[in-house]
Amino acid sequence: MTFPPLTRSIRTRLFLQLAAISALLSVALFLVVRGLAETAAEATQDGILSASATSIADALRSEDGEITLDLPYSALSMLGTTNDDRVFYKVEVNGETLTGYDDLPAPTDAPTISRNTFATFDYRGDEVRMVSASRTVSAGGVPSNVLISVAQTRLGLAAISQRISAIATGVGLVFFLVATALSLLAARSALRPLKELTAAVTRRGPADLRPLAIQPPTELEPFVSALNTFIARLRASLLRSEDLIAEAAHRVRTPLATVRAKAEVTHRKLNKPEHRQTMREMIRAIDESSRSAGQLLDHAMVTFRTDSLATESIDMGELVRETVARLEPAADLKDATIRCTIPKQPPHFTGDRILLQSAIQNILDNAIKYSPDDSDIAVTLTAVDTLRLDVSDQGRGFGDTDTNTLKARFSRGANVDDIVGSGLGLTIADEVARAHGGTLAITRNEGAKGACVSLVFPLQ
Amino acid sequence: MRFLLIEDNANLASAVAERLQLDGHAVDHAGTLDDAESCIAAADYDLILLDIMLPDGDGRTFLQSHRRAAKSTPIIVTTARSEVSDRVSLLDLGADDYITKPFDFSELEARCRAVLRRRGGVAANRLTVANAVLDSTAGELQIDGVGQTLRNRELRLLEVFFTSPGQVFSKSYLLDRLFSFSEDVGENAIEVYVGRIRKRLEPSDAVIETVRGLGYRLVAKQ
Amino acid sequence: MRFACLPAAIIASLTFLNAAAAFEIEERATYAASNPQTELRIISTADRGVFEPILVAFQQKNPTVSIDYVIASTTELMKAVHEEGEVFDLVISSAMDLQTKLANDGFAQTYRSPATDALPDWAKWRDQVFAFTQEPAVLILSEKAFPTDDYPTSRDALIDLLRDQPDRFRGRVGTYDVRISGFGYMMATQDARVSENFWRLLEVMGRLDARLYCCSGAMLQDIRNGDLAIAYNVLGSYAQAQLADGGGYRIVLMSDFANIMLRTAVISSNAENVTDAQIMVDFLASLESRPDLVAASGLPAIDTDALQSNVALRPIRLGPGLLAFLDRLTRRNFLRNWEASITQE
């Protein structure tokens, strides 16, 4: 299933859904708050109107056979306590207006003694709410039906309603904003396990194929378990591959070693120069194939490791010294001397130790191979502005070959046909340098013989 | 020198042993770790050549138990693998050095020499002709107690002559001993090195003679 | 409410009957602007002499407004605006109840401005009725009858005094005839609403053959010429203004309570010049900031501080409660009771 780019993010989708729900809830909250408050306000007005009508009704009395009334001041003043609305009233006796506003309409729903009725209508240019109450008063021994109506405009109510709407809008808005902010947090927090899982996987070194040990939320358990199964399969497969490669190398190299040893013995025993020459060529062919195989494996390893670079702190001086020590016997065979210059406190460098050693070894190996007898190879480590390892020899240099093409795979100098090599050495060194954010520089030694190959890394 | 060669491939083992014997070394061969343990128990070796893949176990376990037993015999591992990571772990496990199969015997010899020199403590391997003494372990030529430090090729050339005084060595033989198969050099390169060791021997009673048409030999002055 | 009902000469000389007006005009004055552009028509119960300083000051600030100032009694004013639909821009009256009824019955326009917002809540209603003066009802005592400091300052004391010395005050006590005076009726109903003492006082006064007056001026006249010793519920601001003209009486602010009348302005719903009416309302609402006009007109401006410093002062509340006493049945019953008390029939 594919989603447009915006909604492919679970977080965005989660957030949008939560925000949409918040918005709906906010609107609902707004409506409920306003509805309740308006009902309450209307009930309040109705209550005051009823109290007013009751107060008037209670003031009814009979005098000289006539029903009369002293309108209580409080009956009308109470209506002015909460707002400035206009007030109208009418008292009717048996349908005849006793006092008040003659034109105030009669209630459509006639009240009884026990029940007041309410009506809302337009009167004198404003909407009014009217309460009607009914009483029976005896005047001159004759019971008369008295209808009391008290009406009030609803401007105050409208103002209250407006205020409540504003408050409800505010409440809704604040609710929406808070809920949205919380949605954002919720979305983020809901996805934190995913982030942690990602970090746990990303943090791993290239060789770390242990199952994930983190305790995922229930929902992610199937995923983590699937991932662990996959890792286990991958590890098994890699182990098989590694074993296979090791086995293959063993199977190929052991017979080659046998052949080479026998060839050397034979070479020693032969007397005729042409036979000896043939044997020599055989041995060189064996060397070449084994060397190529070795560098191909090295190169594959470099490619694999640079994909997910291990980061450990490395003492570069120590690393250079070790590698030089390892190659010294080879240099000795040619009476070549490796002169090492390493600052007393070389900076620690963060990177992949195995890759760096491989790069240095390949460069040194090249330098030894191409160095003439009795020559010096200068290995200089410096840490000024950049971390720089120069390996300078007094060999034949690279001739006219473009130094850039030397870094390409299987590319060799134009003047090396007589020396065994695969052309992968500098490629490996170059790839390692770039994986660490550095470069491989190849320069001709000015005014002297030979070339200088340098690994240059930014200081960390 | 006395080598213990631990190698399961009999063909390779015999070829390596024959090749080492050509240079005058004694070689015992063990095909399994069990054999190797019995050999070590029976004799002292100057150096052990250990193949890492063996039928009855991994060479690494041998390395570890050997080091745990605090045995001082240096071990050079021969491996068919070439990955750097593998080499590093071998050194960490206690190997003195390693060499990738197939190997150049001159390189093997150089590494053995380097390992022994690093280790020290091994009895000096001294060869004497007249008043000249060659200490190949120290890489030194002593004449009347005065030592000269030799360069690698000078040492190796002198070793050839000091091992068999009076024997005539042809230029091509010496060439094989001095240069690897990857180096293309003419026979006259030998003359340069013979010239150098003659100079070294000048204060002594030993001298390199030219045997016309055949080669060179080391003799004591009459 | 009128300040005076006597100056018939002025009425005769100034009353030119408006052909369309069935209501009775007491006086009409036109204040032509120096540069007339608009005309503001005011119907008012306030005497020209009282109100002229305010009108002149207004015109100084608004020199393009001519003012047509028509004076009528509270009842006639009500008749003109409420019943006959006469066109006036501004209605100014001391009859708070009638002004309230005008607003309640839809004869007023709503208006809000910073000036009206500054008025205290009790000084306005519906943003339609705006009070601009606060004038207490007071007790007037003749100096001849009360030469010393021994005089009543509360209704109880007054009742006791009248009861104790009926012969001294018989025929010498005066108050409004609430049947003909709107102001008197309003003050009497407020008295009755606030205190039962009112009816007792009325009965005592009735027994002493109290004299009834149409207006404050006549009462003060009789105080001055010695016919009256006590005049009850006289408009304080008027008595204060008249004190300078000869004097001879003492103004007593009752200590139990003193009702305060608010003079109010209403913009008529059928006003033709609403703008100027609004400017006038603002002008009146900020009367407190013009002590010169307060002094010249004798009209005390709205002053909350004064009310707070004397708790006996009770401004009559604007609002629907005032409508109760306008109810014709209630009024009839009240007047019947009043007559029964005062005439002792």
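Residue numbering begins at 1 within each chain, and the chains themselves are lettered A, B and C in the order written.
Note that contacts are C-beta pairs under 8 Å (C-beta built on N, C-alpha and C of every residue); 3 or more make two chains touch, one makes a residue touch a chain.
Every value quoted in this text rests on a predicted model; they were computed, and no experiment measured them.
Taken together, the touching pairs link the chains end to end in a line with two free ends. The innermost chain, defined by the distance from its C-alpha mean to the mean of all protein C-alpha atoms, is A.
Chain centres here are Cα averages; for chain B and chain C they lie 137 Å apart. For this pair, chain A with chain C, the centres built from the Cα atoms lie 79 Å apart.
With centres set at the average Cα position, the gap from chain A to chain B is 61 Å. Against chain A, in their complex, chain C makes its touches with residues 103-106, 125-127, 193, 317, 319-321, 323-325, 327-330, 333-334. Of all residues in chain A, only 246, 249-250, 252-262, 264-265, 267-268, 273, 276, 280, 283-284, 286-287, 290, 293-294, 297-298, 301, 326, 328-330, 332-335, 353-354, 357-358, 361, 369, 373-374, 418-420 touch chain B in the complex they form. Across the complex, chain A is touched by residues 9, 11-12, 15-16, 18-19, 22, 53, 78, 80-85, 88, 97, 100-107, 110-111, 113-114, 151-153, 172-173, 176, 180-184 of chain B. By the touch criterion stated above, chain A contacts chain C in their complex at residues 68-77, 79-80, 84-88, 91, 98-100, 124-126.
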